């Protein structure tokens, strides 16, 4: 029965569609430019995707819990600027924890507003996007922040160092991905995040403290932002106030590409990582075959729509929406 | 009646979905001026059939005849234009719009340039509302109405078009007995005007009260049509589930001495006031009342979902403060909520995950979840409650209503509560599952659980309860023992007119 | 930034004490900047401008920021016209889109001084003067710096370079790229410009672009970046790939990071452009116009070449 | 209880105007002390200017209101705004229109508006036919349409200064600037559409309860497409109004517009989930935002301050709105 086949293919796509797309994509680009698949390039792409990836992992928690986070970009600028400033003022050993505390305080504020006060997360994080940008500008006085002694600091290890031949940003990315995969899919907390995102009311009726779970998700997200800020700061040892601008949408695009539903209750860290890598390789691949940078906008557009469309088409068993 | 031409005929309707035959050669004819009941267990194909009639699905095979003319219904609007009108079970209203706009949704009367003719709209609607004796106006915002009045708005919709066939899908699910009477009057009125009525319900007593003929579906197949006057409960049940049911009889009371729950002067704003009662171990206490009498709100307050404004709760003699469901669970209280899909289940999660959700913190090895421990619980209650699901991975949203409800019950039984509260345990559940759940509740009491059952169905309340608390306007009117209670007394009590001579 | 507030508050209080809302100074000059906060050049410019205005008793300043949004800038122009300031200084977000607004000010009799980045030729008749760097010359000079270095190294006939340009659509980015691309073949006809990609004035973006270049091209001898911020991003990428030693980096708008990289010998050269000079020149031009002095239409301030060889002649940039 | 609800309802509906009044009072007084300007902030000229400055965002926000009442969202208005401007300015230089002289102006206007409507229709069709959430669809086209903007003319600004065009755009018939008249026309039209027509009422019905609307026979899909056409059309009108007066468009123009517009619409009382909202409220919302920007500039606040204040105000307004919507202490905790 043809419909039966469609269903099998549909289920396959629903489960592994993003992976299939990823593999096809890699093959096509390798044919177009063999350099694409060299270990140097792959490593380079993963390294430069690490910052986006670390943030996307955090945002996955927020999205699975049924909320949005549009403030991660401007929050990342904030943590980058703060840690660079503190590096010279109180030294990296003190500066890094202080930066984490400040960033996570912002995350806690958002978590409080969305979790405990039950305010709409889209608007809250939109407001925070603007407010945190203002905060960053006030903090830095609008100036670029740079570390004075760039060669003499060990601080560069997070962004530029290598351990066992692997760049540290990739290690941090992998470590965080592994740890948070464990947290999201193998612990009671993770289960509660899915429950809260899947049906917040039913979760509350099951004795799960919805507000606290949402709060923790934002805290995790801000922790990841702080890690991203650390990598960013260490990588360039200096930064502008707008370093993270626009990243919130790229992060969201990666999470959506990974198949998380914006309604909450679905999505995994692994799929988000694939989503991040796809975005990274698109950008890099198009650059390598010599296409103008703006072509990547159009390609990303098509890929996002196709990925999400095929995903829900597989779930409902028909390609076109049944809405009349 | 039999020589009349049917208003609507279905001939050998077949509808398949990938892997499933939802309807297999179903035939049906609806005569003018008759109430034709459609029965069947959940999953029997009733709703698919209705969607075919409503123009939402296209049948793969077979014919629909409207007034003997073959017809293709492509959209809901086409169905409506052919005089087929639905009264939906789940209220299908836009809360922010006026009553009039809801009643004429999709076909507002127009002037030039697509402008709405408000004057005509309001006067037409007010006329209909007068006919139905509604206490509200065309301009009233639907969100401000009570549930029963919202149902009236749904019904009023049927009267706006020249309806030939009106399909009622579980219309009494959220109505009280008094409101049902109004509904049945309306159905009579429609009948007398030659409208054919399809009436879908799980409630036998309603079916026998108002229907003329009954058609039964089972597993997507048509099982026959009976004249109501010539059949009885047993025959119908057999036809529906393929076997006969053991009748539920209240067993011997298992009530013990010790009091599990004692509630003293509990209030929550003006939802309910000064409520006092107790529940013994091994006892089933039924709470009966109109929608809005405060029963569900009372249960939610005991469970920590609402903040009480005054009063005390004692569990096993000890005063307890319950500020959240987590507190309630820690004190051994379980609540099977009223709204299964909205409050009871995370529909996107699988069976096992749903069942172990409240105790997931305890099912761990190290800090990680322990699938083996989860599986033990799932397996135990799957067998105990005879839950029909291929395996634990099944997404709960894909189960039938009865099995979903059993997942919720299993979830709370696995917590081994002192006190189990079940709110409308069988709403929207077919006859077979219904009696299983009733038996289960009695069985639990027999094992020493204290159970509170909230229900709007009188037979249900009468058959499972040891004592019955009648509530009216947020207050307890009277508590009946199973010996003294009669249907009359109960109806009076929940309408606030019971002579409260033996007040406790 | 607090400086300005103090200025505003103190001035306002002083004037309030004396004559209600009337101004005490001879001239009120309004300025609308492109996008303060996007980089420290603009921030330093804003501070320098406020400081210069504060130091000058004759001047009160109304300082506005368009946030990079052309619609907002036009609105600010209208506000300034409505407030009847004596002169308007504009740092255009878009060299053409502001022309009608400039014409409006011209029509209202308010002289307009364009700063930093000029408006298009059609607007020339409506402005009193342009004060700022000559971005085309800057581009040409960067080309010369790079070419001279290649000649010194003896690879002027084989060198291959890439360009990282500024934010697409911005006049400064376009002019610098044009100046560079026009001049390079004149001085070094055999140097190949392999590819140009935008780095959006953003160090991180530029670093990513450079990473891709490094994978794509085995032989890169030089990188021209639209400013030092991006240049340092490219340098970081090359350092990470261990190829920094083979590449000559030339930028523009010498930032502190670029200056430091030059001190370390990693970055070859740039164009020295001080936002303080830029701001002061703009204010001075405005005052000169208001005082009726003869002001040239194009009032460029000098932006000299800076390389590792002559950097000791320059102070380290403060931004 | 009933009284309180009605009071809260009224307060909710007029909240934005109270807020505007507070802003006016604050900036009016603070302006006297802090501003260098000789004119009062509240001067009629300045207020007229204020309204004129709200026009570009305002016209788009009207369309966004209907989209959001309908239960959707459009994040792609920024690039549509830029693309329409490119069409407007570029078509004026096309050789085939060379013979028209200044009559090319209405032709270009029409073309730009056509393109805007088509881009809107594409969004709508994707939302309808694929069933993908509008947020994701328009997030995608926000990128994709921006790509088209760049594709058109690379990184160069598109530029054509036609003084006749500028003079038309800056004319003041009846003493009122033309953009304000266009804005007023759009307000009247969208108000009429939402309050008086079946299409508008259906938008509320669909946003409020989509299943009910489907069951009632409303063709939800085409309805949504028309709303996207409408917002595309209004974005184009806004773009034409604005760029006729400025004559040049950068490929980056319109960035972040979607965020400001959604903010304004939400401030104006439109529900994010759909089903509730009003055109008049949205007008209040855009005025409130422009007033904030203008006022903060007037009293000399810097960029950092403006960002901080606007972000915080948004959250505070959301909080107040939530308090007004609460059912008191009896509320279910879920």
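A, B, C and D are the chain letters, set down in written order, and residue numbers restart from 1 in every chain.
We take it that a contact is a pair of C-beta atoms (placed from the backbone, for glycine too) under 8 Å apart; a residue touches a chain by one contact, two chains touch by 3 or more.
Protein names from UniProt, one per chain: A, D = ABC transporter permease; B = Sugar ABC transporter ATP-binding protein; C = Sugar ABC transporter substrate-binding protein.
Predicted model, so just to flag it, every value in this text is computed and none were measured.
Chains touching both chain B and chain D: A. Comparing the centres of all chains, each the average of its CA atoms, the largest separation from chain C belongs to B. Here C-D and A-C are compared, and the pair linked by more C-beta contacts is C-D. Taking each chain's centre as the mean of its C-alpha atoms, chain A lies 34 Å from chain C.
Taking each chain's centre as the average of its CA atoms, chain A and chain B sit 43 Å apart.
Taking the mean of the C-alpha atoms as each chain's centre, chain B and chain C sit 71 Å apart. Among all residues of chain B, those that touch two or more other chains are 75-76, 305, 324, 343. In chain D, the residues that reach two or more other chains under the touch definition are 150, 154, 214, 219, 302-304, 333-334.
For chain A, the set of residues that touch two or more other chains comprises 137-138, 142, 201, 204-205, 293, 324. Every pair of chains meeting the touch criterion is listed here: A-B, A-C, A-D, B-D, C-D. Residues 126, 128-133, 135-137, 139-151, 154, 214, 219-221, 259, 262-263, 266, 272, 302-315, 318-319, 322, 333-334 of chain D are the ones that touch chain A when the two sit in their complex.
Of all residues in chain B, only 54, 56, 75-80, 86, 88, 90, 92-97, 101-102, 105-108, 110, 113-116, 268-271, 297, 300, 304-307, 309, 324, 343 touch chain D in the complex they form.
Interface residues of chain B facing chain A in the complex, by the touch rule stated above, are 17-19, 75-76, 303, 305, 324-326, 328-329, 335, 337, 342-349, 353, 357-358, 360-361, 363-364, 367-369, 411.
Against chain C, the residues of chain A that register as touching in their complex are 33, 35, 38, 40-41, 44, 48, 137-138, 141-144, 146, 150-151, 160, 232, 235-236, 238-243, 283-284, 287-288, 290, 293.
On the side of chain C, the complex with chain D involves touching residues 1, 4-5, 8-9, 11-13, 15-16, 20-23, 28, 36-37, 60-65, 67-72, 74-76, 78-79, 82-84, 93-101, 103-104, 120, 122, 165, 167-170, 173-174, 198.
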